[in-house]
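Please find one structure pasted underneath; my questions will follow.
By letter and in written order, the chains are A, B, C and D; residue numbering begins at 1 in each of them.
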Amino acid sequence: MSKIETPVVILNVKAYQESMGKNGLALAKACEEVTEESGVSTIICPQQFDLGWIARQVKIPCFAQHLDAKDVGSATGWVLPETAKEAGAQGTLINHAEHRITIADIDALITRCQTLGLTNVVCTNNIQVSAAVASLNPDMIAIEPPELIGTGVPVSKADPDIVTGSVTRVKEINKDVVVLCGAGISTGEDVKAAIELGTAGVLLASGVVKADDPKTVLLDLVSGI
Amino acid sequence: MSKIETPVVILNVKAYQESMGKNGLALAKACEEVTEESGVSTIICPQQFDLGWIARQVKIPCFAQHLDAKDVGSATGWVLPETAKEAGAQGTLINHAEHRITIADIDALITRCQTLGLTNVVCTNNIQVSAAVASLNPDMIAIEPPELIGTGVPVSKADPDIVTGSVTRVKEINKDVVVLCGAGISTGEDVKAAIELGTAGVLLASGVVKADDPKTVLLDLVSGI
Amino acid sequence: MSKIETPVVILNVKAYQESMGKNGLALAKACEEVTEESGVSTIICPQQFDLGWIARQVKIPCFAQHLDAKDVGSATGWVLPETAKEAGAQGTLINHAEHRITIADIDALITRCQTLGLTNVVCTNNIQVSAAVASLNPDMIAIEPPELIGTGVPVSKADPDIVTGSVTRVKEINKDVVVLCGAGISTGEDVKAAIELGTAGVLLASGVVKADDPKTVLLDLVSGI
Amino acid sequence: MSKIETPVVILNVKAYQESMGKNGLALAKACEEVTEESGVSTIICPQQFDLGWIARQVKIPCFAQHLDAKDVGSATGWVLPETAKEAGAQGTLINHAEHRITIADIDALITRCQTLGLTNVVCTNNIQVSAAVASLNPDMIAIEPPELIGTGVPVSKADPDIVTGSVTRVKEINKDVVVLCGAGISTGEDVKAAIELGTAGVLLASGVVKADDPKTVLLDLVSGI
């Protein structure tokens, strides 16, 4: 079971120029400071090559952006749950809209993460897929309509029904699953709306990563909680 | 153009339990010591999550095990040349037998690595594929018959013609390309045989990673040069 | 909604030498004769290149073995629901163990098949994945433990709990979904056992395709119903 | 070795609504009529589900749009060279811009096609990839800059150097390889320009498939030869 405190703001830094290497570390430090100052739980998902380096330097949880369901061993270039754990990750995103995997692999990764004590956040694209994933017993589900990702138009405003519908259907199937929402989130008001729609937090990326002053944006975001 | 000195021994640590986290760092340190003691060039390819952490702690070159030909930006969980560079990598494997990519992506990654100053080593599976890749102007080609990978039966003994054939065909097309060989290499004798067949070094994995004493194996390997 | 009569025997001819071209047509004709003689519903999934040719020559339903969730248009070499429909298919397998797809694509294909009037059969590998797929409202789910496929050891004997568990969980979530089972089925006794475990039929392949006399095997299979 | 007469016009009908089922057959018949009337060699690549059905009804060669490098046998939904051959195909496209495959698979498919007597046409995206593929000994190479596909802007006008460069480099490596060009071709003038640049024909799609009167467009196209 996840030991992540909710509500939570998860920052996926993707593969932006603004989040590589030292920039990625600065973003992680900004999250850490915001958590210290506000008491609100934040999580950062560094770029894959930076995970081990950043996870050893911040106190907030670091998550992998993606894992591959390959066996430990001869798997050149693939990223495994066991290596993420060893690198200091406390969890992972699974099945992000930019990195979809098969349903059999989602299922296998959830099981493997649970064995390792890695918190898993499975991304979904609509209400019925959220309901489907709930049957696989993930720790968290992040509903993100792909068409809103990166737009700055928050899902909580553009399509509140997909959020409340996901929360309702997921809880019917498995009340222990934590539901987050993502796509277009960039302000404290968006986060507040997401919480009011029944989620336990948000997953976001460009709104922070590409901001002139990420810490200020993060402070605004957590003010919505 | 590559600044890697040849002959060279490249250690791909794959995704073994024995090469995760601290074990991976110990393998990198062993390579570093062997290079210092022997003067022979070694390169390590850490697990992807460990790249940035290990690259900052050793003087020998660290290479990525694999790169994805995605654009910088919204590419959650994908591993980019730009991030590898920023993490401290000096090069990368491309198209390993366990992680094949399209020919268009091999071509695009070679170009992108050259722009970034990352040395690229493209893996191939037979003579005509080696010849084909030579036209794409990589820095290095590592010929590895997939059926010999992980067997301990060295390609230099089991199939010397594939090595000499690759060297000949590659040099005909592009004399600047450095040719290595891999698969089944585990002793100094294997390395010596590889050099005598016209290669500039070897790519290996399990023979070192799974050894009781990797440094001793590495010292034996470089003794073949 | 599916117009397929149950109980049903679905024959997936895969890509065997014994099921290409004329051999594939002969297998379809054998299914047709068995349905005529026994009154039991059979369905054939011809090799993809043979679909349009075979579907125009038999009265039993022909299903595609797989569909891609690509848009109609510039999709060279991909296989679309709309083309399958036009070719005479009445349905399709989705997410077979040998051709897994993402959960978002399973969801999209189910919706698209419903619009086109194509019956969809989604393959699953364990109880929780069966439950998950039930939330996507497929017409049918075929539970097939991958480790039993092609063994001749019937799932109904080797792992009856995975069958009854899938039936129970699927019906809880969506009572309209028809549950089949597959993997290792080759005799009428296996089919009888599958029906007794609560399924509405079976999905099978090598047991018929590689038989000396497929029609005799099919007659034995339907005798279990 | 290919028995296809050149110059040749290859029509890839892709997965358009206008090329499914009966529409696909009508396009094949139009090609057949144009070949009969003009004496110019044409080839059609029907949609995959239609291949066996159309190949049995026209005298011109039918090619698969794509093949998978899977072994004959348990390969549900994959499309194999052996099945294409049995369905009546005389050849195949390989590595189309909309369906890229690995270099190892291109190599394996070329060899397998040669064994089966299937003519192979490997698509490439630039000069060095054309040169690379030439080392794999394909029957034909079709150079198609991806950014021009479907634009109506002919590669022969927009980027003649990529065509002449490909012809030169390919012939240097393997003078027996036939070079075609594609992308944006829609008139006899485009075909004439392609031939003058040293190619032996063209590969095209939307310009014919989406035309109000495909036969008229085809007649214009072959007039360029």
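In this text, a residue touches a chain if its C-beta (ideal position, glycine included) is under 8 Å from a C-beta of that chain, and two chains touch if they have at least 3 such contacts.
All figures in this text were calculated on a predicted structure; none of them were measured in a lab.
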Problem - Most distant chain from chain C by Cα centroid - result: B
Practice task
Could you grab the centroid distance between chain A and chain C? Build each centroid from C-alpha atoms only and quote it in angstrom.
Solution key: 36
Exercise for the section: Starting from the mean Cα coordinates of chain B and chain C, work out the distance between those two points in Å. Expected result: 44
Practice task
Name the residues of chain B that each touch 2 or more other chains.
Solution key: none
Practice task
Have a look at which chains touch which and call the overall pattern line, ring, star, complete or other.
Solution key: ring
Completion exercise
In contact, pair by pair, are chains A-B, A-C, B-D, C-D
Handout entry: Touching residues (chain side chain C, partner chain D) in the complex
Key = 12, 14-17, 20-22, 47-54, 56, 64-66, 70, 72-80, 82-84, 86-87, 89, 93, 96-99, 149-150, 205-206
Problem - Residue numbers on chain A that touch chain C, as the complex places them - result: 95, 100-107, 124-126, 128-129, 131-137, 169, 173
